[in-house]
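What follows is a set of structures for review.
Paired with subunit B in one complex and with subunit C in the other, subunit A is shared by the two complexes that follow.
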Partner chain A sequence: MILLHAHELRRQFRVVIVDSRPNLEGQQLLRKLVEKGLSCTYTHINGVSYIMPEVTKIFLGAASVLSNGTVYSTIGTACVAMVGHAYHVPVLVCCESYKFHERVQLDSICSNELGDPNVIAKVPGRKKSCLDDWASKENLQLLNLAYDVTPADYVSTIVTEYGLIPPTSVPVIVREYGREHILI
Partner chain B sequence: MWWRSASFILDRNDNPPQPESRHLTPPSSHMADTNPNPNPNPNPINNISAYYQTRAAHHGVVTSDWLAQAQAAVGRDQPSDSDTSLKSSASEKPFSVIEEFNNWRKQPDLAEAVAAIRALASVIRSSEANTIAELQSELKSASDSLKSWDRTSISLTAGCDLFMRYITRTSAFEYEDFNSAKSRFLERAEKFGEISYKARKIIAMLGQDFIFNGCTILVHGFSRVVLEILKTAAESRKVFRVLCTEGRPDRTGLRFANELAKVDVPVKLLIDSAVAYSMDEVDMVFVGADGVVESGGIINMMGTYQIALVAKTMDKPVYVAAESYKFARLYPLDQKDMVPAARPIDFGVPIPSKVEVETSARDYTPPQYLTLLFTDLGVLTPSVVSDELIQLYL
Partner chain C sequence: MPDTHALVTDFLNKLKKRKIEGSKATAKLTAELLRSVISQQRLPNTNQAGALIHAIKAIGDQLTAANPVEVAVGNIVRRVLHIIREEDVSLTTASIGGLSLQGLSDDDEDDDNPLVSAAAAAAAARTTLRPPSLQTLLEDIPPHSAAAAAAALHHSSSSAGDSEDKTKSTDKNSRSRKLKHNVIEAVNELIQDIATCHELIAEQAVEHIHHNEVILTLGSSGTVIEFLCAAKEKKRSFRVFVAEGAPRYQGHTLAKELVARGLQTTVITDSAVFAMISRVNMVIVGAHAVMANGGVIAPVGLNMVALAAQRHAVPFVVLAGIHKLCPLYPHNPEVLLNELKSPSELLDFGEMSDCMDFGSGTGSPLLHVVNPAFDYVPPKLVSLFITDTGGHNPSYMYRLIADYYSADDLVLQQRPTS
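Moving on to the complex of A and B:
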């Protein structure tokens, strides 16, 4: 929505969409943007360090932002943010304030969600894959995690409806405005 | 065609007016600061920052540009007098805010924000409004015109916003009659001047605790707050020495050294390039701030970022002394992400016109290079700035 709004305001910019298996959610975004006439580049997450020198800003979404400034979002986000940080590209996380939570998390594994492992085993375009009978192998596990965690150091700013805030101020918003959202 | 930055500000101007700013040729379209002009911004073309020009005037720096400007102003004064007398009767109010502000700002010891608030107080005094809403809208337009007159000055914007915020908050008392509300606003404006003066004292008391006997302090830029801290430490008989960077082109270091010599503090002057060389023997770095931004970083005189980088690499703490009214709701993503504030730089020798000069007067130091902020709200870490701003503005 941010990109569409900027396009309506006649800003000149180009979008690089980084997508990842198995959900390939980037394709929906790509379709919507190309329909509206934005110039887009589409790449897989393997190519993120290749495309990063051409990028001036990174926009990421979030499922939640935790109280130590950690961003909890779709898997792959941490990777993009880390590469962006290494190339000194500002990372902007766009997240509404109702998604802020007072929990603090240090790693990606606790309270994550698992997706369907069979989806990883299937590679589109190939009829047979060597992982087809993975279930029969005892010492093989397929892990399809849904979320990952991006440390606050990689995030330059969080864009909320209250304005731009630094990741360290998330607990302040939770403290000041958290009470209003409690439904009695 | 050169590398594009992540700046919001530069993105907005499609073609940043770089070719226009050949500031070494005497600008013919320049108006001097004191020349009243229906066009609010006196330096629309060359983006030269009025804020930094005033500071240079305080420091007594006379550049060839400034001389040319002053001469042009003198030459222009005679014909423009008749103009202004006609105009002033018709449109007193819009002029007077900016005039007032300029008058206050010329005093070297007065902070920008205080000058702004005094100018707004004069608007209240001379206002003929009968309701609070009318007064508020008058103030809002005066505040907007002040802000647009010099968009580069952060403390000006922050001071105006603070005062407007105070007005809107206290206007919630509808039971009072208009005159007492008005006098209360005026009283608050007067108090603000005192508060700002007291703020320096508080910061000095907090800051001088960090200065131990036998330490070496590196200072950059001429900050009246930092000067107050050092003077207070000297008065409590602490033994320390100060290294001042020269601070070209404003020669801030020379003036700072002068002030310190008056209170018998041992001072050593460094050229700006000698900072890394001397950083080994430094125990701490003290800087002031033109503005403190929401991320916790500071906007200060050009060179501060460099010094902070060197200090961080060598594990020396960087302390910033800033009053709380300098907190601004800005969030620069990189160096170019601020309203450009240009200062004419005089190299002393003529430069060929093909050669560009970087004229920005200030830079942005991100919060990870700053250790602590000394403010009148206490000694804070950079992440608390956003906390304070949220409490104040949201």
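Moving on to the complex of A and C:
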């Protein structure tokens, strides 16, 4: 939405879409943006280090922002934020304030969602994958995590309807917003 | 020699079409090619090593130009050049040793010359074998110093007398054959080394992998398989996380291979690397090439893994055979030593074509697809290199490399002949 609005304001920019398996949601976004006439570069999450020197800003979405400032988001977000941090590119997380939560979390393993392991075994564009019979093998497991946790120090700022706030201000917003809610 | 020429062109074509995959296979083929070139090369009577070096350099130049990204080719060419130089020097010093003894036993007036030449040759030997230093650079010794010393030796001995000269010339002939023979022998040893580097690296596995450890790897590398299996054979039980290494999905083949050998394996997506790394004890990966500064050219995605490992203080271990050590210092390696693969691996052409308006004619297409093949991992992210000679710190790589390559061969391109 931000990108489309900026495009409508006739700002000149280029979008790099970093996609990751297994859902390949980036392809839908790519389709949407290209249809609107934005200039796009599409790459895979592994290629993120290659493209990062060209990037000037990173916009990420979030499923939730926890009150210790960590961003709970679709898997791969943390990788992009980390590489961006390493290349000194500002990382902006776009998130409405209703996604703020008072829970805290330190790693991505304690609370997560497991996706369908079968999608890992399938490789798009290949008829036969070498992991087709994974279930029959005792030693082999496929792990499809749905979310990961981005540490707060990778996040430069969080874009909300209250404006741009640093990740450390999340608990403040949660408290104030919560109190307002109680008062009304 | 049309035979070697055909061989070289055939190999060049294969390199250009990227038909040879993997640095090990490339290194082996290059060494074999150079061996056949050396064996068929006709050598002049004087300055044989110089001629041989010249011939190899010419071929090496072509080979590296054919696939500049595959540094293994250049490495092997440099190794062979180094071998030639070393063999030449050892032959020269050996013959000088004999000569100086002879000179001492001879009459007094001839005593001077051989000693002087011996000193010159010894100096040459030192400069060739000596690692690159500021002094050697400043002294400005001609590149074929050893050969020049050999020529000097020839002159001095010719002044000594006719009868001795005849024996020298026959000696020379046998020496020419001996040089070639020795060089081919040494190149055979090199090929052997490349073939066995896996085992040497795998032998060290037990020192690094402990019970119940969790190891993460990405993509596929023959060395990594051998390494992990060697630890498994020593009754260590551990778990391996394999990131699949999109878009080539070599992790799948690696996982299959590991499971076949009875290892506990879990396949994860590349994006889950950061999430899982907090539960990992060690990252073990293979490399495409190791540069002189300790940086690694690795399969794409490894820079991300290395950063994640650094964040969680997980050791990042790179396994690399000796043929992967490249004596060059990289400049902008992310771009210059990289290769962009076909976009079709990432995106189906047919799928996106409907929303692409090719008729708009704005000049530049809206959609770019970037699919790099390699990543550059800077030396500060690497904890340890394990090579056939043992474990090394990234900062020590330049020293290791100086043992295997001669400083004169760093630049393979021939200067335009004046």
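Descriptive notes on the structure:
Just so we're on the same page, the second predicted complex is superposed on the first by the 178 of 184 C-alpha atoms of A that agree within 3 Å, B and C clash if a C-alpha of one lies under 4 Å from a C-alpha of the other, contacts with A are read in each partner's own complex, and residues count from 1 in each chain.
We adopt the following convention: a contact is a pair of C-beta atoms (placed from the backbone, for glycine too) under 8 Å apart; a residue touches a chain by one contact, two chains touch by 3 or more.
Computed from a prediction, not measured in an experiment: that's the story for all the values here.
With the C-alpha superposition on subunit A as described, subunit C and subunit B fit side by side in the combined arrangement. One of subunit B and subunit C touches more residues of subunit A, and that partner is C.
In the superposition on chain A, A:71 makes contact with neither subunit B nor subunit C. In the overlay built on the shared chain, the residue A:156 is in contact with subunit B alone; subunit C does not reach it. Of the two partner chains placed by the overlay, neither subunit B nor subunit C lies in contact with A:62. Of note, the Cα-centre angle with subunit A at its vertex and subunit B and subunit C at its ends comes out at 100 degrees, rounded to the nearest 10.
Look at A:3: by the touch rule set out above, it reaches neither subunit B nor subunit C. Of the two partner chains placed by superposition, only subunit C is touched by A:123; subunit B is not. Look at A:169: by the touch rule set out above, it reaches subunit B but stays clear of subunit C. Touch criterion met: A:11 reaches subunit B, while subunit C stays clear of it.
In the overlay built on the shared chain, the residue A:95 is in contact with neither subunit B nor subunit C. After superposing the two complexes on chain A, the closest approach between C-alpha atoms of subunit B and subunit C comes to 16 Å. The touching residues of subunit A, counted against subunit C in their complex, run 19-22, 27, 30-31, 34-35, 37-51, 53, 75-76, 78-79, 82-83, 86, 107-109, 112, 120-121, 123-126, 129-131, 134, 137, 139-145, 147-149. Residue ranges on subunit C touching subunit A, taken from their complex, read 241, 244-247, 249, 252-253, 255-256, 259, 262-276, 278-279, 300-301, 303-304, 307-308, 311, 334, 338, 344-348, 351-352, 355-356, 364, 366-372, 375-376. Per the touch definition, subunit B reaches subunit A in the complex via residues 4-6, 11, 14, 294-296, 329, 331, 333-334, 367, 383, 386-387, 390-391, 394.
Across the interface of their complex, subunit B is touched by residues 11-13, 56-57, 89-90, 92, 156-157, 162-166, 168-169, 172-173, 176 of subunit A.
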